[in-house]
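I've put the structures underneath this note.
Two complexes are shown next, each including chain A; its partner changes from chain B in the first to chain C in the second.
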Partner chain A sequence: MSDTVTFKIKRQNTAESSPYWENFVIPYIPNSNVISCLMDIRTKPENSKGEKVAPVVWDSNCLEEVCGSCTMVINGKVHQACSALIDKLEKPITLEPMSKFPVIRDLIVDRSRMFEALKKVQAWVTADGYHDLGPGDRESQSIQEVAYKLSECMTCGCCVEACPQYTQKNNFLGAAAISQARLFNMHHTGKNITDQRLDTLMQEGGISDCGNAQNCVEVCPKSIPLTESIAEIGRQVSGKIWRNIFKA
Partner chain B sequence: MSKQRVIVVGGGLAGLAAAMKIAELGMSVLLVSFQPVKRSHSVCAQGGINGAVNIKGEGDSPDIHFYDTVKGGDFLANQPLCKDMCHHAPYIINLMDRLGVTFNRTPEGNLDFRRFGGTLYHRTAFAGATTGQQLLYALDEQVRHFEVQGIVEKMEWHEYLGAVLNNDGRCVGAVIHNLRTGEIMALKGDAVILATGGPGLVYGRSTNSMVCTGTATTSAYLQGAKYGNGEFIQIHPSAIPGRDKLRLMSESARGEGGRIWVPRKAGDSRSPKDIPEKERFYFLEERYPLYGNLVPRDVGAREIYDICVNEGLGVKGEMKVYLDLTHHTPEFLNRRLGGILEIYEKFTGVDPRVEPMEIFPAVHYSMGGIWTDYTPTSDGLIDYQSPNNQMTSITGLYAAGEADYQYHGGNRLGANSLLSCIYTGLMMSPGVINYVKNLPEAAEDHPQKVFDDASRQWQERFSDINKMNGSENPYSLHRELAEQMITNVLIVRQNSKLEATLDKINEFESRWKNITCLDTTDWSNPVPSFINQLWNMIQLSKVITKGALMRDEFRGSHYKPEFDLKQPDDFQPETYLEFEKQKADGNLNESAFDQQHLAYMKRFAENNEKWLKTTIAEYKNGTSGSEGGPEISYEDVDTSLISPRPRKYN
Partner chain C sequence: MDSHFLLRRIHSLTGVVPVGLFLVYHLYLQLYLHYGAEIYNNEVNSFYDSPLATWALVIVVYIPLLFHSLLGVLLVFENKVQPSYTYFSHLLYWLQRISGIGVLLFIIAHVWNAKLGPWIAGTWGTHFEHLSSGFADPETGMLTKTVYLLGVLGAVFHFANGLNTFCMTWGIALTPTSQKRVRSFSFLVFIILTASAFYALAAIW
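Right after this comes the complex of A and B.
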């Protein structure tokens, strides 16, 4: 085992400037993840040529793969940097920002489009108020297990980064938002606005933009059955189209 | 009066609960957060949320929950707030269920509950092992709905720097720092709520997230707000070692039957599965037959320390013990603990369904925080209309969640933090609105100069930071500070070491001035912001360390062996109630008590007389030649509902 690790990092100083690659060589320490190496770099911010440079910047928070913050492209694959253990990665290790979102700086991107998508699909339960209205409805264990899996989505962006249909030029909502629509459509009171959600998903950028590549489900760090969600929403949308025809 | 609004800083459970409730009551909210609120630290809470719903028919009740909470906190919590919180806990769980939290269910379809530390009841509702994440998402969704309706405005990627105070010292806004553009501006707000979480990063690596620097609450302290019980830092018994952070291994692992053990033979090099049952030391079960592996966290962390350091029985000679779940089926474990077992497996490469986990204690939670007020009713609950609730000692500046010092006394019970966060956010809201509506003058109607002066002061501060051109790397200096705190202000505290640590912190403060600002660009540059946070962490470490140095006793998480009152093994806490009653009635019959017990009870009473008090730290500016720092005083605790008594868990 080498006593150093080399990182090749795709950097970009501002949102408008051009990206460039910079290499960093740091001492190898067992049991490191990508984040702890980035932390090491900022305690001695020098590139491999020995030039003092601005420390690399990245997004992170929980460091235990539940906040979704530190998603980036590591050795060509989208992943959370916290759970990317360097002992399991080929060297040198390349780090790039996600490509489907505008770059802010270095490894930081702007994922606000994903949160806007949650607004569009109305990913919430409509409540009469937050005072004491007694218990909620009972629910079977089997339905809870399906819903719980869907509700683990942390809006990290892996699914849309891997999706060939999701580009910076179109307005596809993406697998994460479609799966959230499914989650709320199956909730006792969340389903009260199913029709509004499906209306959005029938429009441009909705369910028909999915090309069925199935990359999303492959890269989801929480193993959320995203393709099942897309299929289920597809069925709900088809049902609604038929209902609309018969109503007309 | 001009249009009014409330500024909520922080988008974790407390901040979102407050934003949601205030919006429901019709007041505009400006929500300021370091990052998209969905990524807040509350997502890290795993095991569950407490509420005496009594679904298992065990006879649990809010009053027993209240008693467990107060006892767990070693009687240092103000009791009316605890009582009101515990009495509203079942409603809060029902509310979160209505809002779509995917809680685990019983076969009949009711909410399922599990056991947690410091109680004998199944009182913890849970959503797998990601309960904090699920609760946060439900509140995030409600707030997003209000955002669409225009009642809540979000400013994410902004950091709170300080309060804007008018000539009367009243808070009329907040100075915030745009983390993209670097712009610093003063926002107008009729009340400001700091729901900014805990300060785990003062200890470098902890179970806390990267935003948990405590910088916002420390800024309030530096502006004159009182800080309460700073020395009470919870060490969680079970975490997974890591170079970047210490990942939490939830108490729910023990709530679901996980057993803590070490090999009986020191330095045993066998694989844990090859060590036969009789050669395993289940030390918590042996030492605490009643609560076993579910003793409160302060007790658990101390016992692990004792086993590893004093007894030398740590796994492979290190500060580690086994947490064993391998007696359960993988199906059971996946359904009830899936999330945390996946985390363990991802970060260590070992499958905890097959091999016992290796865990160790880590800094987890601050019971202390900004001092906040409340108004009790005559029946020992809380008057929800009072503007005092959760108000700091700066008028108009409020605190909620881990940022405040209430509810948990000297030690927090597991699964009470999610409760206290949501509870404070909801409870305080009517009072905050009453405060705002009864102001003589809206923030909007203040002279612009008040806001310009505040923003200019911070612009100058950051301009000075940008010019720093010394030889210290801020991130390396932070590691040194953390090392001191971890070594000397953790589970076992000694005055000589605490004194030396204070000297060391003063040294760090001088060295801070010799930092180099590694990056001076004005776009998405975290360095100046971190340098400012580091200054605040140095100030807060003084509060924690000085508070610990001065408190010469053993209470909750604050353990000084020198001042251990040494409870006799056969002592029962009820005896103390009889002793107190006789004293109060003026007919103490000393001969009726075991003499060792009597001597202990006298020591206990005398110690409470002196130390059953809230530590208050107030910032005092330095005089010429010396730096500013905390001045410590003490304040009485409201123990009007449950009389203090010795804790016992075995």
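Right after this comes the complex of A and C.
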């Protein structure tokens, strides 16, 4: 094992400026991860040519792969930087911001589109008013098991970054939002607005923009069965087409 | 339910019914190549004995096929190429698009060669002779054979893999296990139809 690690980082100074590549060489520390290495670079922001440069900026929060904010493209594949271990990565390590969102600076992107998608599919349980509604219905064990897995989604953006159908030019809602729609369509109170969620998903940007490439389920850091969610929503809208034509 | 959504669902449906089923019927007819010119020509021409034959073709085959092709061509160019994600399903995703374009070009050539060309020349009806003489042509025979082989292979792949994605799109196969089952089934369809189509072509090779 060599005693240094080289990072090839795609940088961008402002949202409008064009990106450029810069290399950084830092001492190798066993068991380090991409975030700890970025912290190392920040302590002495000098590129491989020895020039003093502005430190590389990135987004992070929980540092335990739960919040999703440090998601970036590492060696060509999207992953959380905090749980990307240096010992398991091929060197030199390339870091890029996610390509499906507008870059704010260096490795920081604006993931608003994902949160807007959650609003569009109304990924919540509607509670109307402040009055006491009494205890909610009990969930069966089998539903709990499915719902728990789906609820682990942290809207990190891995699924849509790897999706060939999700581009900055279209308005596809993406696998995460589709899966959350499924989660709340399963919920006892959440299912009250199932039809509204399906109506959104049966429009441009909805479920029909999925191209079945299935990259989403491969890259999901939480191993959420995203293709199962897409197929389940596919089944729900199939039923809704039928109802729209023959029952409306 | 907007037109964007509906058109894509109709695209998915027309690929299987009727276009896919027509492909299976069409490949079945080709097996008659092994029975010689007379039986093969009779078998194909008998379809046209019905007064509704042309109408049936237009409504059941040409219009759905044209719709499936036109929307399909648009769908191919709305995505992003991401070669670093080397997963099998992702490969199938691109093969589906590449084979779709290839098969469309093949169908245009095939309709011209087997239908419009002979029809204009006034020799339509002698299908076996037309096909076998095209294959046996010393200059263009090899090219024709290669184009047919690739075209048929592409069409069968596009149909078999399309069955697989159809089951996901419409929510027929839900769980990863059932999706694996459907994939195995579509692989079986691919093998059987390829074997059948190549066996048929072997009769006039």
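For the reader, a short list of remarks on this structure follows.
We adopt the following convention: the second predicted complex is superposed on the first by the 240 of 248 C-alpha atoms of A that agree within 3 Å, B and C clash if a C-alpha of one lies under 4 Å from a C-alpha of the other, contacts with A are read in each partner's own complex, and residues count from 1 in each chain.
Please note the rule applied: a residue touches a chain if its C-beta (ideal position, glycine included) is under 8 Å from a C-beta of that chain, and two chains touch if they have at least 3 such contacts.
This structure is a prediction, so every number in the text was calculated from the model and none was measured.
Taking chain B and chain C in turn and counting the residues of chain A each one touches, the greater count comes from B. Using the contact criterion defined above for the overlaid structures, shared-chain residue A:76 touches chain C, although it does not reach chain B.
By the touch criterion defined above, A:231 reaches chain C but does not reach chain B. By the touch criterion defined above, A:199 lies against chain C but remains apart from chain B after alignment on the C-alpha atoms of chain A. Look at A:8: by the touch rule set out above, it reaches neither chain B nor chain C.
Judged by the touch definition given at the top, the superposed model places A:214 against chain C, while chain B stays out of reach. In the superposed pair of complexes, A:91 makes contact with neither chain B nor chain C.
The touching residues of chain C, when paired with chain A in their complex, are 1-2, 4-5, 8-9, 75, 78-82, 84-85, 87, 89-90, 93, 164-165, 168-176, 179. Looking at the complex, you find that chain B touches chain A at residues 20-21, 24, 35-36, 38-41, 43-44, 91, 94-95, 97-111, 127-128, 130, 133-134, 137-138, 141-142, 144-145, 147-148, 180, 209-211, 242-245, 247-248, 335, 339, 343, 346-347, 349, 426, 473, 475-476, 479, 518-519, 521, 523-527. Of all the residues in chain A, the ones that touch chain B in their complex are 13-15, 29, 31-33, 35-36, 39, 42-45, 54-55, 57, 59-69, 82-83, 85, 104-105, 108, 111-112, 115, 118-119, 122-127, 129-130, 132-136, 138-141, 144-145, 147-148, 151-152, 154-155, 184, 187, 189-190.
Taken in their complex, chain A has these residues touching chain C: 76-77, 99, 162, 164-167, 170, 199, 202-204, 206-215, 218-219, 225, 227-228, 230-238, 240-241, 244.
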